[in-house]
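Got a structure here, written out as structure tokens. Questions coming.
Going by the order they are written in, the chains are A, B and C; count residues from 1 in each one.
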Amino acid sequence: MSTRLKELVERFGGQLQGSGDIEIVGIAPLDVAGPAHITFLTNPKFRSQAAQTKAAALILSAADDALIGAEYGGTRIVAPNPYAYFARVAQLFEAQSSIPAAPGVHPTAVVDSDAEVAATASIGPHVVIEPGAKIGEHVVIGAGGYVGRDARIGAYTRFYARVTFHARCEIGERGILHSGVVIGTDGFGFANEAGTYVRIPQTGRVMIGNDVDIGANTTVDRGALSDTVIEDGVKLDNQIQIAHNVHIGAHTAMAGCVGVAGSAKIGKYCTFGGAAMILGHLTIADRVHVSSGSLVSRSIHEPGQYTGFYPLAKNADWEKSAAIVRNLSAMREKIRELEKTIKSLTESKTT
Amino acid sequence: MSTRLKELVERFGGQLQGSGDIEIVGIAPLDVAGPAHITFLTNPKFRSQAAQTKAAALILSAADDALIGAEYGGTRIVAPNPYAYFARVAQLFEAQSSIPAAPGVHPTAVVDSDAEVAATASIGPHVVIEPGAKIGEHVVIGAGGYVGRDARIGAYTRFYARVTFHARCEIGERGILHSGVVIGTDGFGFANEAGTYVRIPQTGRVMIGNDVDIGANTTVDRGALSDTVIEDGVKLDNQIQIAHNVHIGAHTAMAGCVGVAGSAKIGKYCTFGGAAMILGHLTIADRVHVSSGSLVSRSIHEPGQYTGFYPLAKNADWEKSAAIVRNLSAMREKIRELEKTIKSLTESKTT
Amino acid sequence: MSTRLKELVERFGGQLQGSGDIEIVGIAPLDVAGPAHITFLTNPKFRSQAAQTKAAALILSAADDALIGAEYGGTRIVAPNPYAYFARVAQLFEAQSSIPAAPGVHPTAVVDSDAEVAATASIGPHVVIEPGAKIGEHVVIGAGGYVGRDARIGAYTRFYARVTFHARCEIGERGILHSGVVIGTDGFGFANEAGTYVRIPQTGRVMIGNDVDIGANTTVDRGALSDTVIEDGVKLDNQIQIAHNVHIGAHTAMAGCVGVAGSAKIGKYCTFGGAAMILGHLTIADRVHVSSGSLVSRSIHEPGQYTGFYPLAKNADWEKSAAIVRNLSAMREKIRELEKTIKSLTESKTT
């Protein structure tokens, strides 16, 4: 399949500079794109490479077009956010080339007669759907998926192979759950009684909004009494752990291996670098950005970038710095003594 | 279903203050409970809220009852550990409302004729049970579970959907394994030979006691020559990694994302905060508590709370402190020079 | 089954000291080995234990043989790398005792007619193999495995139960993928547009070499435009996250819970301790060793051991040191003031 450049502009906007009749078959990076590809420039340091690209067309900003458009010479699509524009074009090519999941229920799937599955939904091999579950229009449940009792899956949501989605949990429209995701297991709730643990039944749900993506092997626990909530547009990478009663605000993104402990309330438009860890019962404001490998041990009430990891060093140097860190209060004591001595020296001098 | 308050006291003990004939249909938090709910007070800061709750009944300590019992006015159950009492009541309501798994083997399950499955056990769709495995009374193996050769699953143990339990491993009674758990994969054992790795077969097992809960996507490796051992009452949260030959003492609890490296020996009644990491071949005493995000790099022989994570700061502040941490030995050198200078100043003064 | 010592030496080399006709039935540690076992000495601190072992035979180095061979008295196999020798002997006994997977396709598996499955391959129950996939000779796909469209699995590679291997990804020969592994999910790629995220289709693949082992619940994302690459002989432990476009050089090993962010380029013969975290777009040279719990925040161009984690302490001591770390720049300021004061004192003294 191919697409004319003018069709892209009709769909996604942007200003066309040059011929709109060229046919494009796909996207490629600046350096490997050929005369049937479209490419894009988002990072100023690749400007000279963009000027030399052999791509038939180039998506770029007005500022970059002013600088290198003439030198490049091919057709340009000028857009305020070339990266987002590229993403949409890539989605278009993906849709053209992908083989759509066939609607219907695979004969090896076990779908309870009390479940409701839309006629346009695709239920893969060895899927299990329990009584009362509702599967929306155009939903795809990949091979080996599990949907618990009374769960709700919104239209156009896709589960890749081997997703587990437990009873009474809900997800909105256009979500993507990757393989190995587990939604709605019991939160880690126990009452300690003389050292041993009495399990506290977890009766809340996981409520997930629209346009939420959840990466491979990520886990989200159901709430204890109330619900765990993931708002619209949240993006979670792989191997993330979200504990019970966490609330994640809309359009917040978390990179791989992040952990969020119970009842943390996280704002909207936040970002969390890989392996960041958020302790329980904290509140994090909107537009907070936490660096990779940082542990958030108290609430954050102001937007901004927050960091807390031990700087890497050659092991021998780390050994030295770590030994001092262990005894920092001794160092502080020494400084206080020096201050005293100097003070007495100064005073004796002036008297 | 509903339960009279006096039935609760007959079952679980505690002192009834007020009418025992009220019928309760469920548990709710202090602020949302209504006249058919029981609620509980465990945190002193909610005392005034408890005094105002609309719940029909309140579980609380004798101390709290003395303070707010009269003001509240409804029926109270006075118990020494109201949180554990609440947990047991919640379990009762859970048992009343849950739909029990039907005994028997689902027609899509593949159960080897040399496996032994108790008649009261429930084997879900697409489960695989290999030869020699023994599945105890009232065990539930959820959809897509896998039980390897000669494995043993004790009575009343429950595997949620998609648990993998490999050959020769054993778990006791009343255990709960959540979705995505993998027990008994090979430990990470290789002999290095001129830079490349020769795999060391892992021939030990994973031996799990009674009343052990294991969270979603947690992994436990089998031992190399001897076994990996998890004693009675251990509670593991989601996404935990337990390496080969680890030994975890009874009633120890680990929060999400914890990692334990090979051959670590961990005591009883310990707790590990989220993402804590324990290095290999260490010994950790009973009743050691490790804070979230802390790396345990040497053995701990005394009970107590241990911590080691870099404090979070605004990124700009962290940049400053991290730069100094990198050069702490330079700072120490400077202080030593100051000491010398001051010493010579002092001496020259006194001479 | 049993094996004569001389057969071991014929297969694996080494120098036989003593009778080669003794029959061995297995391997055991020094302290539990009996007269039908072979054992091994690799750690000098166990020399006296080795001298006393009841094993029929002992694998050890020439240096150790000179020291304790006579005292031990049994048959010795002297080899330059006793640990690798032991590993190979253990593999032999494993092969003798293991029950080989039967070739053929289990009747509950769903194998597309356009997939190519070698006659010697074993396809377990509830496996799904999509069109265009190629499964090589002697491959084992355990129960519940998923192999996507046009994927390639090289000869003798083994997937344990419940591995997910997505479309167009490839793995070479003799690989081992443990349960819960997910290969080839979409990388975490989004274009930010006014705070919300536009998904960037991930069209690259995951390309895995020969002799690669991947631990339970580890995830590897496909590349965005180009591929994610794992070279020959790489060993990944459990619960590792490898992001899109990462490149891992041959014979590099990573312990459990490691995370590698997007486009990181990691050299050959590296090792990463548990829960180490590597940020994106970094380059790490060959033979770099990163300690457990360390965050690699910039490229490393020289081989060596690198470390960066906050040292563990009793919580009260950590509280003190952490408070000072937070205000290290204040401490530095104080030292500068002291320097100034001393300088002026010294100058005033000399004038």
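The definition used in the following text is that a residue touches a chain if its C-beta (ideal position, glycine included) is under 8 Å from a C-beta of that chain, and two chains touch if they have at least 3 such contacts.
Worth saying up front: this structure is predicted, and the values here are computed from it rather than measured.
Between subunit A and subunit C, the superposing rotation on Cα atoms measures out at 120°, rounded to the nearest 5. Of all residue numbers that take part in the contact between subunit A and subunit B, under half occur on both sides, making this a different-residue interface.
With centres defined as mean CA coordinates, subunit B is found 26 Å away from subunit A. In subunit A, the residues that touch at least two other chains are 108, 126, 144, 162, 180, 217, 239, 257, 275, 309-311, 313, 325, 331, 335, 338, 342, 345.
Residues of subunit B that touch subunit A in their complex: 27-29, 81, 83-84, 86-88, 90-91, 93-94, 99, 106, 108, 124-126, 142-144, 160-162, 176, 178-180, 213, 215-217, 233, 235, 237-239, 251, 253, 255-257, 269, 273-275, 292-293, 309-315, 318-319, 322-323, 325-329, 331-332, 335, 338-339, 342, 345-346, 349. Of all the residues in subunit B, the ones that touch subunit C in their complex are 108, 110, 126, 128, 144, 146, 148-149, 162, 164, 166, 180, 182, 185-186, 188, 190-193, 195-201, 203, 217, 219, 221, 225-226, 239, 241, 243, 257, 259, 261, 275, 277, 279, 290-291, 294-298, 304-311, 313, 317, 320-321, 324-325, 331, 334-335, 338, 341-342, 345, 348.
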